[in-house]
Every structure is written in C-alpha cells, then in structure tokens.
Amino acid sequence: MSDLRIGMIGYGFMARAHSNAYRKVANFFDLKRKPVLQAACGRDKKQLRAFAKKWGYAAMETDWRKLIERDDIDAVDICAPNNLHCEMALAAAKAGKMILCEKPLAMDVKEGKKMVDAVTKAKVRNMVWYNYRRVPAVTMAKQLIDEGKLGRIFHFRAKFLQDWTIASDLPQGGTALWRLDVKAAGSGVTGDLLAHCIDTARWLNGEVDQVSAMTETFIKKRKHTLTGKVQKVGIDDACAFLARFKNGSLSTFESTRYARGHKAQYVFEINGEHASIAWDPHDLHRLEFFDHRDEGKLRGWRSIHITDGDHPYMDKWWVPGLQIGYEHSFVHGVADFIQSLETRKSVQPDFKDALRTQAVCEAVLKSAKKGKWVKV
Amino acid sequence: MSDLRIGMIGYGFMARAHSNAYRKVANFFDLKRKPVLQAACGRDKKQLRAFAKKWGYAAMETDWRKLIERDDIDAVDICAPNNLHCEMALAAAKAGKMILCEKPLAMDVKEGKKMVDAVTKAKVRNMVWYNYRRVPAVTMAKQLIDEGKLGRIFHFRAKFLQDWTIASDLPQGGTALWRLDVKAAGSGVTGDLLAHCIDTARWLNGEVDQVSAMTETFIKKRKHTLTGKVQKVGIDDACAFLARFKNGSLSTFESTRYARGHKAQYVFEINGEHASIAWDPHDLHRLEFFDHRDEGKLRGWRSIHITDGDHPYMDKWWVPGLQIGYEHSFVHGVADFIQSLETRKSVQPDFKDALRTQAVCEAVLKSAKKGKWVKV
Amino acid sequence: MSDLRIGMIGYGFMARAHSNAYRKVANFFDLKRKPVLQAACGRDKKQLRAFAKKWGYAAMETDWRKLIERDDIDAVDICAPNNLHCEMALAAAKAGKMILCEKPLAMDVKEGKKMVDAVTKAKVRNMVWYNYRRVPAVTMAKQLIDEGKLGRIFHFRAKFLQDWTIASDLPQGGTALWRLDVKAAGSGVTGDLLAHCIDTARWLNGEVDQVSAMTETFIKKRKHTLTGKVQKVGIDDACAFLARFKNGSLSTFESTRYARGHKAQYVFEINGEHASIAWDPHDLHRLEFFDHRDEGKLRGWRSIHITDGDHPYMDKWWVPGLQIGYEHSFVHGVADFIQSLETRKSVQPDFKDALRTQAVCEAVLKSAKKGKWVKV
Amino acid sequence: MSDLRIGMIGYGFMARAHSNAYRKVANFFDLKRKPVLQAACGRDKKQLRAFAKKWGYAAMETDWRKLIERDDIDAVDICAPNNLHCEMALAAAKAGKMILCEKPLAMDVKEGKKMVDAVTKAKVRNMVWYNYRRVPAVTMAKQLIDEGKLGRIFHFRAKFLQDWTIASDLPQGGTALWRLDVKAAGSGVTGDLLAHCIDTARWLNGEVDQVSAMTETFIKKRKHTLTGKVQKVGIDDACAFLARFKNGSLSTFESTRYARGHKAQYVFEINGEHASIAWDPHDLHRLEFFDHRDEGKLRGWRSIHITDGDHPYMDKWWVPGLQIGYEHSFVHGVADFIQSLETRKSVQPDFKDALRTQAVCEAVLKSAKKGKWVKV
C-alpha cells in the first residue's frame, strides 16, 4: 500500500470533513494507496497551526503556491472560497498534481472551462466534491434507476432549505461568512445549495434542457465582517426554477436560507412510470420507495433503512440497523477516487462533469435576471 | 327495505356515535333493512330532549324498562354505564329484542355469563360494540393474517395510552366522569381501554393462555362529582401485563391515562415469521407493513394509505386518498350487523365472544391483585 | 329551525359528498335552518333514481332548468361538469335561488365575471366549494397566520400530486372521466387541482402578483369514452409554476396526475420569519408546526393532532384523539354557509373571491402557453 | 498531550468500533491525553494480523495474559465474549491497568462482584461500554429530566427488537455467533439487548425495585458452528418483563430477535407529569418531545433534530442539520473517559454501576424461571 500524499488548502469546515475522510478511509476500505496528511495551507498562522496539529498534518504553508510546488505532495485538495478555485486549480494542474476541488467548480462557466482545459492538458486526475452522490441512499437511488425500476421518468423535484440567515444583523464576508459575500462566493444559494441539487439531478435524470428561474434577496444590506461597512448584499437569498429535462420530464427546484425549521433539508423526489423515490438528508440513512408493481392493496411508501450489507458502501461499516452519518459520504468519495486510480476511468463528478452543473447554475441566474426561459 | 327500529339507552358520547352510524349506513351500504331512530331513553329529561331532537328520535322514555317493552322497537342499544349492562340486557332478551351493547360486556365474568345465557335462551341477535375491529386498516390486518402473509406469529404487543386524568383535581363519578368511578365502571383502564386491545388481540392472534399483570392508582383520592366528598379512587389508572397466547406467541399489553402526549394512542404490532404489521389509531387510515419476502435491498416498512377501493369497506366511501375517520367504524358495525340478519351466522363479537375478552380482563385484575401468573 | 330546501344538480362523487354534508350538519351543529334534500337532477333516469333513493331526495328532475324553476327549492347546488357552471348559475341567479357551486368557478375568467355579475345583480347568496379551507388543520393555519405567529412570510409552496392517469389505455370523457376531456373540464390539473392550491394560498398568503408556468401532456392521445375515437388530449397532465405574491414572498406550485405513490397528496408549506407550517391531506388531521421562538435546544417540528376541543370545528365532533375525515370539510362548509345567512357577510369563498382564483389559473395557463412571466 | 496506550483484546465488531473511537477522538475533542493503538490481542493469528494492520496497532499478542502484562500498555479494552470478562478484568486490575470493558459486565452478579472488588482494591479506572448513554439525543433526555422538564415520572417503557435469528438453520457458537451460545454469552437477549435498556432506564429513571418476567426460546435446537452437532439452545430468544421502579413509576421492557422489520429498534419512552420523551436508535439523531406546557392548541410531539451546537457533544462535530451516526457514541465514551482522568470522579457507568444493571438482568432471568415477581 503506497502513500497518497495530500496537500490541503484551507482549514475550515470542508477541510475538516476531507481530512477526516482521508484519515479514516483505510480503516474501512481495502485500498492500494493510503492517504497521508502531508501538508496544510492557510493564511492565518495561528489557525493553521491549530488545524494542522488537530489533524496531524506533518507540514504547514501559508502561501498556497508553495504548497502546490512541494515535491512531497501527490494531490491538492482545494477547500478555499469559490473565487480562488480557478487560479489554484490551474497552478496545481501545471505542477502535475491531482486535484480534489470543493464544489461548486468555479465562479462561472468561463472559469470552469479554463479549469477543464488545464486538467485535460496536464492529464491530472481530478474530482469535484459533490458528496451527496455518495450517501448510500442516493447511490442506491441511482442503482434503482439504472436497473429500470422506475421506468420512464415524469417528474424530478428538489429543494434545499435552510434558515440560518434570517437575522438581519448577521454580517457578510470574512472567514466564517464568505458564503454571503458575492465576491467570494459568486452567488448565494444557487452555487452553494442548488449546485448540489443539480449535480444529483443530472446524475439521476440526465441533462437539463431549459430553465425559468426567479431569485430574491430578502435582506438588502448587511454589514461586512471585515470592513464593518453596511453594504449591498449581492447574493441570492432564495432561488426557485422550473426545468425541462432532455428526457421529457418536468422539474421544480427551490433553495432558500429563509425557511424556518430546516437546517439542511435537501429533499428530492423522482416519479417514474412504475415507481417513485424520495430522499431527505435530515434522515440520510433512509430511502423512501413506492412500487406500483406491489400487490394492489399492499402498495405503500416503504421507508428503507439503508444500513444493510447489500446497500451501497454499507458492507464496509457496522452491522444492519446502525446508522452512518454525513461525514461518511466524504470517506466514500476518497475511496472511489483512490480506486479509480487503478483504472483508466475518471471518478465522477470530475471537472468536466461539474462544468455542466456550472452551466445549469449560470443559466438559472441568467433566467432570473432576464425574466425568461433560458436554454442550458 | 324494511325498517330496523332502534331503541337507544343513553345520550352520551357513545349514544351519539351509534346514532350517527344508524343514520348514515343506508346512504353508503346496500342493505335489506334500514335503521330508524325510534326512541331514546335517559334519566335527565332536559338532556334527553335535546339529544332526541338533535338526532330525530321520534319518541322518548325516561325509564329504560319502558323503552325495552315498547312494541315499536326491534333492537335495543345499550349505551349506559357498565354497571347497568347486565340488568338491561337480561330485560331486553326477555322482551325478545335484539341487543347491541357497548363494551365491555359486563362488570365481570359472572354477569357476562348471565347475559350470554339470556340471549342464548331468548335466541335474540346480539353484538358488542368493539368498534376497532371495523377500522379498515384493522380489518385488513385480519385478512393478511388469515391469508398467511405473516406465517407463524412470535409476538403481539399493544398499548392504549391516554393522558386525560393526570390533574389531581379532576373529580370522579357523575354523568361525564363515571369511567373514574369503580362502582359504575367496574375497573379503570382495564375494562375501558385494555378490553379493546384484548378484543383485537384475540381476533387476530387467538386465545390468551395466561397473564402476569400489575396495576397502579397514581391519584389515590378524588372528590366525587355528585357528593362532593373526597373518596378513595377504586379504579386502576394504569395496567400492564405479560401474556402467553395459546399459539405460543409472547405478548405485552399496557394501558394508562397518565401518558402525556397521547390522547388515544392504541397501538398494536404483530411480528410473524415472514412479515410484521403495526397500527396506530392516531392515524387510523394507515397500516404499517413489513414483508421480509420483498427483494432484500428494498425491504422496508410500508405505510399503506388504506383508502383504496380494494381495502376493506373503502369501496363504499369516497375516492382513493381520501380519509374516513373514527365514526365510520361504527357505521361498518351497523352494516355488518344488518347483513348478518339475513344469515344464520352471528355478527362478531357477540356476547359469547365478548365474554372471553371479559375473562381475560378478569384474569388480568386478579393477577395484579395476587401478584402472580393467572390462567385465563 | 326552518328548512333550507336543496336542489342538487348532479349525482356523482361531489353530489354524494354534498348530500352527506347536508344530511349530517344539523346532528352536530346548532343551526337556525336545517338543510332538506328536496330534489335531485341528472340526465340518466336510472342513475338519478338510484341516487335519489340512496339519499332520500323527495323529488327528481331530468332537466336542470326545471329544477331551478321549482318553487320548493331555496338553494341550488351545482355539481355538474365545469362547462355547465356558468349557464346554470346564471339561470339560478335569475330565479332568485341561492347557489352553492362546485369548484372551479367556471371555464375561464370571462364566464366567471358573468357569474359574479349575475349573483351581484340578483343579490343571491353564493359560495364555491373550496372545501380544503375547512379542514380544521387548514383553518388553524389561517388562525395562526392571522395571530401573527409566523411574522413576515418568505415562502409558500404547494403541490397536488396524483397518479391515476398514468395508464395510456385510460379513455377520456363521459360521466366518469369528464375531467380528462378539455371541453367539459376546461383544463387538466390546473383547474382541478391547482385551483385548490391557489385558493388556499390566496387565503393564507394574499394575492398573487405574477407567474411563470409550464405544462405538459404526457399521453398525447386517448380514446374517447363516448365516441370510441382516438383523439388528441387537450388537458394539461401536469403543471408547475413560479409565483411572486404581492407580500413579497416567493412561491412554487406543482400539480400532476403522474406521480406514483400519491393518490391525493396536496401538501403546502409556509415559511415565516418566526415559524413555519406544513400540511398534507394524506394525514389531514395533523398540522406540522415549527416555532423558532421555542427554547433553542428544544426546537423541532411539532406534529399537532388536530382533534382537541380548542381546534377549529372540533368541539362539534367526538373526543380528543379521534379523527374526522375528508367528508367533514363539506359539513363545515354547509354549517358556515347557513350561519352566514343570519349575517350580512357572505361566506367565503364566494363567486367574487373564486373569480380571483380563476384569474390566477388563467394567468398560469397563459404563461405556460406563451413561455413567459404573466401578471395576474 | 501525553499518550494513553491501549491494549485491545478482540478483533470483532466491538474491537473495530472502539479502535475507531480511539483513533478519531483527538481530531474532534480537546484532550490532555491522546489514545494510541499500542497492541492488539486475539487467538487467530491471521485474523489478528489483518485487524492490527487495518487499524495500525503497533504490536500483537495471541495470549491475553501477555497483553495485560506489557509495560507499554496503560489501559486494557476487553472486547472478548462475556464469559472471559471476569478473568481478564481480574488480571488487568492486578496488573494495575485501567480497564474499559464491553457490556454486559459479566456472566452474572457473582462474577460482577469479584470484578468490582478487584478494581476497587487495585484503584484502577474502569468503565463499561454502555454506549447508548452517549448518543446525543439520549444524553439530552437525561439533561431534560435533570432540569425537571418532565416532573414526576409515571411510565418508562423500552423495547429492543431485532430479527436476525429467525432462520432455524442459523447455527450457534463460534467467533461470529457466540452470542447464541449460552456458555459464551451467559444469556440471550437479556444480557445482550435488555442490558442496554436497563442501563439507560436506571440512568434516566433510577433503580428498579421488582420485576416479573417471561422468556422464550422459539428455536429449541441449533447446530453448533464448531462441533457441527445439533444441540439444545440455552439462550433466551425473547424476554419481556414488568417492572416497578423505586420512584413509583411503572415500566414494561421487551426484547426479541424475532421481530421482522426491526434490525436494532431500541425504543424508549418516558411519560412525566409535564412532558414525555421518546427515542429510537433507528433515527438516533432525533429526540421526540411533547410538552404539555405548550400553548393548548399548539401542543404536539416535536421531532428535534439533535444536530445543533447547543445539543450534547454536537459542538464538536459538523454544522447544524448534519447527522452523526452510531460510531460517534463510542468516541464520546472515550472523550468522557479521558476527561475523567483529570478528575477524581469515575466516568459512568463504571463497574460498580454496571453491577446494578447486572443485578436487574439476574432478577429478570430468575423471575422468568420461577414464574413470579422478584425483588432486585
């Protein structure tokens, strides 16, 4: 088992989730390469030191360019704000490093294209961390669709609801709240939350043909964390859109950070000719399934507890009935990434695939701005 | 369609539920005889008049013996407190009237036996209103067991939880609160609530062999509604028991009026070799069903919405998806009673069957008193 | 208690639901006027006779004009297909009868306006049967909003999902399937199902400002029940739309008859500044409620069992914990209609109010056709 | 941060769960001592080697006595079958090692007492792995009770249902199935599953006064995994008991491995004067809570998603809305154990506390055997 030496850029929430995944994966999966937490990078020395110590990173860098240039790094993990993804990825590709980049891929399609070109040219392995694909219940949804259990698909609907920005005195910007700053994030819920929904939708239901969207910014001005100035809010607080998919199905998407009672309710439901599927990450270990081919009087939505050995990834964990959680989706991502290194096939979603999700996001924002249907 | 002239004794909650059932049944079921609300009987003239007017009873009596003797009555419905069931039923049988008696059958087995003897001797049709058997979801549970869907049964568990007597200043006795007065009710939750559980259990799972029980009276003294005197509380506030059924299955039963958050949570669950069933009257239009013979990875509890035309009784009501409620179980009781008049077969549970439920209740109370296992 | 003599046009599903409501209401509510099933009207004599007998209608008419002209009728109840509402209402208004009309009000806004003018001119009482407003859980949602429990409203979302038209060999038209025939129904799910959602939304959240919609007809051709000919399907099988309300809230609506597993899942959810509310008629006796003002660590969605005496309408029915069902919403409608007769205030929704719902439906269909946002 | 060097006995399911906890704890908690996986011990060399490699144990031993005697071990973790706990613990105490022992403490009270004496005499830190106490929802239940949110407690009920031994051809004994072999396990569901329920019950509701129990062995004979011989099954497949607690509350407990549809459904519910609490590990991140002191019409069971920073342990993990799983309860156990080392107070449950749980188990088995109530 050779090492896969990781260089981590960032020390926030996602950097913790990824570090945990790298550290755990070899205890549960049989892999040819074992991730090693080689070096961590961040601007604030004190925070960086605390992070590196906590996770056992051997080395530290405060300049991300130096991290990328290190000889003892095989793969760069980009957990910086969205506005840095492109520049970092271009440098990493140039340095011949594998890249694992947080979602969304980029600030816009233009940047995303550059990134795809860079990794293609450099022939470096690349992945975007759309982790929900690897929650076992979601992976099983994909299996059921591929097996034809649903038949023709009529409807796909998704919503991602949160409630953490309702307070009008919440500031924008800075390390903790860069997601509210349009310069760092590119957009609000569209890139942060709907991007997840779109990634899953495309995986399960194919490509989107056209969209009609609306967005809203409920709190128009917020103080900036760093400058203290009250500034216009540039992000979308909420976004909803209608979509027509290439397979003829109809779809609704919605996301907001103004839905009391929902911390991270990302629900999707698919209605097919024979069966329907629904999932909610608030109970991520369950898959709801309705099969019209069941005996008539006994038809009902089944709540499947996705904890058995015949469920995706679950033979690696505990015993039937025992839940895994959010963090495990990242472990699965690392496992799949490493296993893909032995094959010629890229792990999905790679940059190329994530660019298509970016294109849908861009079409959504454009539709909302123009007030009309937009082709993706 | 000839008339079935009803003489109703009582004007409380149950008298309303039964009157509603008599009035509605012919609008939904095709029957040879149509119930007619002929005469109502109760002690308080003012209340009786209001009740009779509300429901359209043609005549009134304040003496139940006179009601029973009326020539224009075909069937007597006993909705009086438990301590009057026996005497009234004996008189009604003697007068050759059909009898529909509220549950529980009697104060004890001794009384119950007299009642069975009386109706047997008089050859009058008789029924006890254990209405839960006729909630469509419960009727379907019976069908599934009879079809062998469950296979050998290992476990039956039931609980009936309420929370309406927790306040220590609630009085006992009188018209509204006779259920708290041991002289009128005979027992507390055992006869009022567990009797329902036992009736359903026997119907679904066969006869009980032996029980070990405990009871408790949490509030030891209460003021009496009529006398105003603070008196010892004679009823059981809570009762739980273990049971072994003749089919070898193990069982737990519990009932209380001290379970915050439960208004009328009568849940039962049955675990068989192949499948399990669960039901809760708080959502009485749903049956929970788990089938081990489903494809492995797709096994899950199904929540069956019992509102389709192929569900018991449901072809008589609305369209799929639309709920019926509590009152409809009584309508089904009347429909089945009337349909049984055309056959030689008694509708169930009749007095004879209800006597066996009474015997289990008596064994439970005896076991709790003696602190040991008791054979039924 | 004087009589309120009803003339019923129709003998289908809705005619049964209304007849049941008229027959029951006086057993549960204290009213000054008591509905009497005076005369029923329908084209098919045999079916009409069966219906009239079942419900005890004293007289029958096969020509609806004759029914309306009868002297012994106080109110006309229109349960005919949508394309007949306008003509019948105009005649009834002219004859000075009160009118209770099934929803949607009319085929389009043009017809609706004529109807409003007619009842205004004739000064006859009028109501449209949007029954979901009177499910106690929905009525309570309205109370909570009016009490300010939610504060500023950010989001309203609704969907009405069914699955009964997926089979491609299901015909269109005729008595049973007129809802699939565009000539009789005017539209598909928009008028049949979304109209309900829009009525409730307007009641709870105020008027709609603009919409962007899409519709789809999945099965393009169906055999006609009466002619046997395979014809183009003119109705919308599915419809989804984005809406902006005048209060600044964002909204999504969706309806389809192609969602496996949903018989009549009409879910709405409202997200306010302080609290959120959700309801699903598949469990119509429950209201889901989340209150951010609860103690932090104890915040959670409450499942309120709307069966207590302090819940709307519930003091009229049974005891806490015991469900009522779908049919009771119509009983409440009749009760409110009769009580309104003693006041100068029209019961809601009347024709005028229902016209605004019609206007939203029309804007939705126009938006879908044109592919752009439409002002209501 | 000094090391806490762990010597692990066993390489099965529990050894994995504990090893994972030792490895993760310092990434999430701030601790003075950091667990180090020093040496692992097991009889089968091949399996041991695979286990040690997977988890990074530095050394291996095939004789547990040698492991205990090693100088480089601070604490011994006993994950061997129940019949070895006592002997191992006595040796570890004698060697002055801290002891973390899997539950149940011992085969019986007699053994348990020896173990308590040994650790008391040797003054070594000790803990028993009743991990469910440290699921955040369960810890919060304890907090709520301690805060007086429930008031006087009337009822406690618990059940632990599984379905993995229904097949009659499942053998007993050996490494994987020692839980079915009475010689290795001591008892069936009583020691394996009810012990968990009793531990939690005692923690939340105080000591048990007396019990009345029944047990059953549905499959009477099974082939032994090692010998191949068909032998009598000595364990209890199912056990149910009534209990009276010293605080006057009534209780029912039930456990079985014959309940189709339940993989590990360990549900408990507590009914207090003011509020009720319920929990189910199938959704271990939720706590159900009903508060009678809520505004009347708004009372309902709240489903609290225990993933916020103000919920027990949750500030150490991710962000609100994101679930942790089963394994995290062990991480919390290690964290609490290590934090307790800095204090004079033993972490709970220690051997002494677990002995009381053992005493209840013994009373239960005795009651079932004798068929009468037994004082604990």
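All chains are identified by letter, namely A, B, C and D, in their written order; residue positions are counted from 1 within each chain.
Here is the rule we use: contacts are C-beta pairs under 8 Å (C-beta built on N, C-alpha and C of every residue); 3 or more make two chains touch, one makes a residue touch a chain.
Keep in mind the model is a prediction, meaning the values are calculated, not measured.
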When each of A-C, A-D or B-C is compared with B-D, the one sharing over half of the residue-numbered contact pairs turns out to be A-C
Greatest centre-to-centre gap (Cα means) from chain C is with chain D
The chain pair with the larger count of contacting C-beta pairs, comparing A-C against A-B, is A-C
Chain A to chain D, mean C-alpha position gap in Å, rounds to 36
Separation of the C-alpha centres, chain A versus chain B, in whole Å, is 55
Whole-angstrom distance, CA centroid of chain A to CA centroid of chain C, is 42
Going by residue number, chain B touches two or more other chains at 262, 299, 301, 305, 308
So, in the complex, the side of chain D touching chain B is made of residues 154-155, 157, 159, 161, 163, 166, 212-214, 216, 218, 238, 240-242, 244, 248, 250-252, 254, 256, 258-262, 271-276, 290, 292, 299, 301, 371-373
Residue set of chain C touching chain D in the complex reads 140, 287, 289, 291, 294, 296-305, 308, 310-311
Counting only contacts in the complex, chain D reaches chain A at residues 13, 17, 19-20, 23-24, 26-27, 54-55, 162, 164, 262-265, 281-286, 305, 307-308, 318-328
